[in-house]
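A quick write-up on the structure given underneath.
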């Protein structure tokens, strides 16, 4: 399992498409920084193909006042969860 | 309420970036505040990801980064009361106008060109 | 586990340095070892010794120095990326005939080879980009 | 010719940025060259706007900026011969594989995951 | 007439949509830096609505080896032409 | 006409400074006057006096200085953006208790008010962003 990390939102950047195209069947995607905008219910359609493997960083949602709007299908993790995800992965790949 | 923007003035600042992810929003707001302090008539347009600057409930970052919610509360003090936002972008994030932390006017795409035409100088951040 | 971080965003301009510092603190707290932070692209600006941020904002430069002091994490700065951006330690300043310097210990100017080495030495290399 | 990428190695460098507009491409290529000089098996994947790095006829910028075309010619000297590109992206810019300045293998989206899995370290630029 | 200046390509950034949305009927758009990727025939559909008012900077096309692929509907100008466009405009607005 | 430029990209990292310099040269050649270049956001890094780019690349710092010397163009750097990024002139270094400085004449640290003034004073203000 590879952990992909994405810090840009699908509302303004198309890098999420390259990230999704590069993901294997078991890989996970963690949304951080402005990337968490993609975790909103109104934006979640962009990540349909990886349902169940999508994560978002709680601290970054919270600072933006978005925690309540995060889609139920997204697994919200704090920074310790981020570290755990990186432990469980064979490696990480950052997309920006 | 959607409306065609009639605003004119000296400076239009267009804010296209979300809070926290970069310093664009803060630096754009700083430019607006300084221009207002210099007596200019300043209008703000929140466009694209920038509309999220207006959302209620923002806080500091995990290292204590200030964010920009507090700066927005200062706009009125500086007599910056001409605030517009891209209503398509706000809806695209699933937010309703009632969820904004301060009163602003929603505009459709067609209202942005007159806004730009109505100001002597336009800065985008 | 042994970790390395690659930081490519300028401080304050993007959230990259903030995210990297936060992640660094968390991984050390979980018992991992953070061998080194390698600064590349605009990340090299994190090494600017004269940084004077407002007092009510995080002091990123000092935070990197604390990371080094408390956990022995190396702070490696790509020399090629640094020189063109005006980040010179006393030795490079001398070599280029300039007075004064903008980078000093615990940050060290080093080649990209150190990034390659780091990638081999650690179990996880995590990139924080702008 | 499209193929599923079988390449494995120590380092995969993914280049997603076009030449000249930013230093990402040059800095990514520099990392690849140094890793190769250190004896690592290096693979390059040109993805998205990065595929334009491979196009023939690039030159210096108007101030004399070097660009990266010359660096690409050095890859073979450093034994970096495992070159892949995103064929959908190349077609999206209207280029045919024959218009590339050096031999590289086109890959479909499905071939990128195995490429990433096959390398110990992946750096994106 | 307002001169809009765009330095990001539609292949990776969506800022072009905000720029187009902000253009008045007589406004012009100049593509510079990586923005010139949008001037390629294979990308020109993104700028259909402003046909005849789209410009691209020759130096930036040339450095990227793209001058030959630039769509015939695009008016290619050198840096002097860029200055002229700015003279003719009431003001400029930069999108990035 | 009277022009002003607003430069917001770091040198070498993005093309912004290159584009601005090229545009500056062209507009002066056409008989216009370039009053000032204002550096904001990561554009402030253009003022780093120790920049030592490779000899086969454009020396952006020197090019800005030439623009000032030949055409009297002011090189104004937003002080708030500069301080947090480690760009201090001797006076600010002293005020912050730091030895050495990273910015010097012809670049001048100044407030955002100067950008506002510039916007009022010139016929055209053109922004070059990263």
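Every chain is named by a letter (A, B, C, D, E and F) in the order it is written, and numbering of its residues begins at 1.
Here is the rule we use: a residue touches a chain if its C-beta (ideal position, glycine included) is under 8 Å from a C-beta of that chain, and two chains touch if they have at least 3 such contacts.
Predicted, not measured: the structure shown is a model, and the values here were computed from it.
Specify the chain pair with the maximum number of C-beta contact pairs.
The chain pair with the largest number of C-beta contacts is C-F.
Please decide if copies subunit A and subunit E contact each other with the same set of residue positions, more than half shared, or with different positions, and reply same or different.
same
Could you put a whole-Å number on the gap between the CA centroids of subunit A and subunit D?
26
Between subunit A and subunit F, what's the gap in Å when you average each chain's C-alpha atoms?
Computed value for the inter-centroid distance: 38 Å.
Return the distance between the CA-based centres of subunit A and subunit E, expressed in whole Å.
33
Name the residues of subunit F that each touch 2 or more other chains.
12-13, 15, 22, 41, 57, 125, 127, 129-130
Counting only residues that touch at least 2 other chains, which ones in subunit B make the list?
16, 20-23, 48, 61-62, 65, 120-121, 124, in rising order.
Got the subunit E residues that touch at least 2 other chains?
Residue numbers touching two or more other chains: 7, 11-12, 14-15, 33-34, 59, 79, 91, 94, 96.
Going by the touch rule stated at the top, which chains touch which?
A-B, A-C, A-D, A-E, B-C, B-E, B-F, C-D, C-F, D-E, D-F, E-F
Going by the contact rule set out above, which residues of subunit D touch subunit A in the complex?
Interface residues on the subunit D side: 14, 16, 47-48, 86, 109, 112-114, 116-117, 120-122, 124.
Can you name the residues of subunit B that touch subunit F in the complex?
So the residues of subunit B touching subunit F come out as 10-11, 23-24, 27, 30-31, 34-35, 37-38, 40, 120-121, 123-124.
Within the complex, which stretch of subunit E touches subunit F?
Contact set of subunit E toward subunit F: 5, 7, 32-34, 59, 79-80, 82-83, 86-87, 89, 91-92, 94, 96.
Under the definition above, what is the set of subunit D residues touching subunit E in their complex?
Subunit D reaches subunit E through residues 16-22, 48-49, 52, 55-62, 65, 67, 69, 89, 91-95.
So in the complex, which bits of subunit E are touching subunit A?
Its residues touching subunit A are 11-15.
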